[in-house]
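Read through the structure below, which is laid out as structure tokens, and then see the notes.
Lettered A, B and C in written order, each chain numbered from 1.
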Amino acid sequence: MPVSFSTSMRFKFPILAIALEAVIIILYGLFITYDDGANSRLVHNNTDKLEHFYKIYPSFQDVHVMIFVGFGFLMTFLKKYGFSSVGFNLLIAAFGLQWGTLMQGWLHHLKDGKIKVDIFSLINADFSTATALISFGAVLGKTSPIQLLIMTLLEITIFACNEHLVTSVLQAKDVGASMTIHAFGAYFGLAVSRVLYRPGLQGTLFLWMFWPSFNSAIVENPDGQYRAIINTYFSLAACVLTAYALSSLVDKKGKLDMVHIQNATLAGGVAAGTSADMMIYPYGSLLIGFTAGIISTVGFKYLTPIFASKLKIHDTCGVHNLHGMPGILGGIAGIIASAMASTNVYGVGLGLTFPARRTGILQAGYQAAGLGASLALALIGGTITGFILCISLWGQPPDQNCFDDDIYWEVPDGETENENLLSSEHGRQNTNAEA
Amino acid sequence: MPVSFSTSMRFKFPILAIALEAVIIILYGLFITYDDGANSRLVHNNTDKLEHFYKIYPSFQDVHVMIFVGFGFLMTFLKKYGFSSVGFNLLIAAFGLQWGTLMQGWLHHLKDGKIKVDIFSLINADFSTATALISFGAVLGKTSPIQLLIMTLLEITIFACNEHLVTSVLQAKDVGASMTIHAFGAYFGLAVSRVLYRPGLQGTLFLWMFWPSFNSAIVENPDGQYRAIINTYFSLAACVLTAYALSSLVDKKGKLDMVHIQNATLAGGVAAGTSADMMIYPYGSLLIGFTAGIISTVGFKYLTPIFASKLKIHDTCGVHNLHGMPGILGGIAGIIASAMASTNVYGVGLGLTFPARRTGILQAGYQAAGLGASLALALIGGTITGFILCISLWGQPPDQNCFDDDIYWEVPDGETENENLLSSEHGRQNTNAEA
Amino acid sequence: MPVSFSTSMRFKFPILAIALEAVIIILYGLFITYDDGANSRLVHNNTDKLEHFYKIYPSFQDVHVMIFVGFGFLMTFLKKYGFSSVGFNLLIAAFGLQWGTLMQGWLHHLKDGKIKVDIFSLINADFSTATALISFGAVLGKTSPIQLLIMTLLEITIFACNEHLVTSVLQAKDVGASMTIHAFGAYFGLAVSRVLYRPGLQGTLFLWMFWPSFNSAIVENPDGQYRAIINTYFSLAACVLTAYALSSLVDKKGKLDMVHIQNATLAGGVAAGTSADMMIYPYGSLLIGFTAGIISTVGFKYLTPIFASKLKIHDTCGVHNLHGMPGILGGIAGIIASAMASTNVYGVGLGLTFPARRTGILQAGYQAAGLGASLALALIGGTITGFILCISLWGQPPDQNCFDDDIYWEVPDGETENENLLSSEHGRQNTNAEA
């Protein structure tokens, strides 16, 4: 093994992890406190915050399931790499939510030198990890846990800056984060690297089911939250039909391809993100899902091979097809829906859905700027991060050790036993495999 | 392969799926709009609708998990048919909820030519797909995706008519839908066809856990919703004990049978459906669950073989034991509980639980009529649908290709790899299987 | 097979199960009724109870998932013992919640000879089963279903007494039940017996995600509930980082051990239990999680082998490392946080979080007494239960039949088919295993 590949995590990884945690504890001691609604001393004048907390907590738990089970099991397909897929997903998410709370707090919520955490902080912290997890899908199998911690640190930092730029400075709308999470995470990850992964259907289903909560969780006006749920629900449903139809259509024998089903059926959720709380009506949501299912499936079939052969970008994982293109579609849908917004349609609630109170056309322009910023920052940030991760110190595995749990995990002799640790449901399965 | 079995889905399936989706988009454009609570222009006089939405949304997500994960993984046992089981479950549910929204809207909620979708529409749309998914269990492995789309279309149409007849015309009560979903879906499916399937325990658990949400989600008065949760919780618990007891009792060595455990433990949820919001008290719920666990397990052991040998109905899947008989039991429990209802027990709330405001005995008569109607329409509708599905154009597989994913799915060379796509958790498992 | 091992469950098990259920139905008929909020006749003066019910129901469902999926799949690793792990988990939980409702009702809520069940009864009933399920982890594979029913009956009885002693008599605080459930269940189980089990990561994730609901579900004041969620969220996140770090640190090649990851990442939830609703601030929560991740991982690596070799306690399952030591850590954190409590920090809400209204030091003393009582009752009760379970009549398996489903389950010839019943997701997997 060449000197440049010092993959041993001995001391390096635990010292980094403990140091990061220690720094975070100190920063939390300095900056983080409870929101007034959760502060015994201050709650009595803030009981309305409690009402809100009870309404949002179920959505928070749905988002939590998406982050930890949905994303976790979406990337466990690779043979001999199941431990790393789920295990590193948990590591990235647990570290990312702590760092995301700080970054988003500093940028959005610093007041008298303190960040007050509430239920929205928790949801936004979960959200910020989603970017890192999408990018993880693009570097899976070729990165050490040290590299992943560093990537998470850098990506969430850049994500928080971009999100601040898009939603606060530009005041572009992106409630379901088509642009700031999905497109951003996809292009950031593609810029860092790219690699094969294939999702599991169980992960797909948990994402599919809870996507209405994801797209609605941070909408502030209740009727907007209600619309975000309805719109996402229908967009996802339509997307399933076109994903199935296109999967059959592009196959020369008319058969379905499970890889399409597991990815493209989710594209409707991604694409509905930006305009989820707008008055696009159920048929508009169906149209978005309809289109997303088509471009995602067609992307898998035709675009990915062209990328690989012509552009030398080996995006066989489909991050581009599931998060990238549908994220851009979501951004475009948001531009169109913003341009069409008026008091005619929204009544006096127009200012609640579009707090910047611009004309439709002007808001559409800012939406376009938000989309452009997200793509630009993703590609630039991802490229820079890619270079930083190249430093050999971080323990990147050499090519022949890629996609193998054994390099980072203690795999006991009775290998079959250990495999069951992941899934746990098939106590008896391997008995036969061994026989 | 005989000419009559033209199983290729090439063009036929994608054209049908896209055509259906296109028609639905047009119909949504014509008929569907947001409920006032989700309409930015109208929300300001309807904020009470938002309160209700927040209370019900968690239950909607529980029902969603039941439909997509519960039913999905309940039917994935068949070897070489896992792709189709989960994949077609998603297809049926995604199409069914769009069609169900229209059918139920036309029958129940058409006002000034518009259907306003709210959180109850979404729940009812999910509910309507449950009927099709139960019937799917009875035709699994022997039907093409085209046949499944047609069956879903027809069954949800008939279901919506029957549900309108039972709950609106007859004003029979069936909040947890023992009669209108479970018994209906089972006998509809049995009338269409019947075939082997065996459920997975994970699917069972997701159904078991969230059944209180299912039985309570559409109860209108809050105390009734509360009771529906408590009653269903206890009925399910008692059912577990008798299912285990009977499973051991009917085995000559006293051993347990996993097929019984996976099915009969759910019968308590089915049987509690009709009377879930009535004042049956926890001991009454325990009694219903107690009885359901017994008849379901006994049905599996003794009735299914008799059906097969004497009646030539090969219901080895147990739809009859899990949904059919317990559904009828639920209908009967509803008749008894209705007959015993009085202001003595319900106080001034009697009219909330029984809006028809009939005497107990009269209401019991209408309950019986509702049960009879559900069974009759299921058997007649299922038989007619069965004949329609026989048209060879729909691509039904010939006997030798039944229960094989390969006929409708692209299965790559590295077959073992592909299998993992479904479950995703066992990256390393098959390594050994191949060795 | 020696006479003393009469493992056949024929008649013995079904008669016991049906008898228990019959007795419970009679007791429910005598003692249990709906809470006023769920009682049609009484609800009209109690609509505030309905508001509370809607706020808590989502947390109840989260706890439900932890009990039935989390615990269930945490213990299914053992080869040839998957049926028993998940199947008996369901049996224990379903029986335990019925018995727990009665025991806790008699001790806490008996009024005019009646126990009124509400959403908190349901949650507490689920909680009481958790103790039995933790202990189940310690006797898994060596006990018959009869023994498990008896153990559940005895343990929940003793648990309810201890919980009454600690929270009502001593008025020690333990909202997330570090002491009364986790430490109690672990030491009770260790006193009954000890045995190998290894958890599955899926179970871990469901527990990890929903732990904030577990630790907050029964907190009465809303701001305390809010804090319990925030504190648990951060404690779990910090625990992940130190568990990963220590797992790598204690390995001589710096690799990670999946057994540590699957257990120690949860220790932060256990340890945050007692002080979850106290004003310990997010950095305090991080510190608790930080410490829990360390002691749990170190326990697995060093303490468990010492226990086995020196003390002859073969706790290879790690109940002591996941529930025992972190439970004690949680108790100690509660002592410290109580000692530091003052109106300075809590304002007028001090009495809501500490209803006993003692000085901080005095409350700390009672907290210590609560911890001591939990440990003492667990060890004494567990030892007595262990002796009771030794009676040969209960059908304990002989050593050579331990850890084998075949002794209690009907395992068909096509063994591979049957295995899939558990997991259901891999229809095609075993095809290759057999080839």
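What we mean here is this: a contact is a pair of C-beta atoms (placed from the backbone, for glycine too) under 8 Å apart; a residue touches a chain by one contact, two chains touch by 3 or more.
Note that the coordinates shown come from a computational prediction; the quantities given were computed from them, not determined experimentally.
Participant: Over half shared numbers or under half: where do the identical copies chain B and chain C land at their interface, same or different?
Facilitator: different
Participant: I'd like the angle of the rotation relating chain A and chain C after CA superposition, in degrees, nearest 5.
Facilitator: 120
Participant: Just how far, in Å, is the C-alpha centre of chain C from the one of chain B?
Facilitator: 32
Participant: Among all residues of chain C, which ones touch two or more of the remaining chains?
Facilitator: 58, 73, 83, 86, 201-202, 418, 420, 422-423, 425-426, 429-430, 433
Participant: Report the residues of chain C in contact with chain A in the complex, numbered from low to high.
Facilitator: 55, 58-59, 62, 73-74, 76-83, 85-86, 198-203, 205-206, 208-210, 212-213, 222-224, 226-227, 229-230, 233-234, 236-238, 240-242, 244-246, 248-249, 251-259, 261-262, 265, 279, 281-283, 286-287, 290, 345-350, 352-353, 405, 415-416, 418-420, 422-423, 425-426, 429-430, 433-434
Participant: Under the touch definition given earlier, write down the residues of chain C that touch chain B in their complex.
Facilitator: Touching chain B: residues 8-15, 17-18, 20-21, 24-26, 28-29, 32-35, 37-44, 47, 50, 53-54, 57-58, 61, 64-65, 68-69, 72-73, 83, 86-87, 90-91, 94-95, 97-98, 117, 119, 122, 145, 201-202, 408-410, 417-418, 420-433 of chain C.
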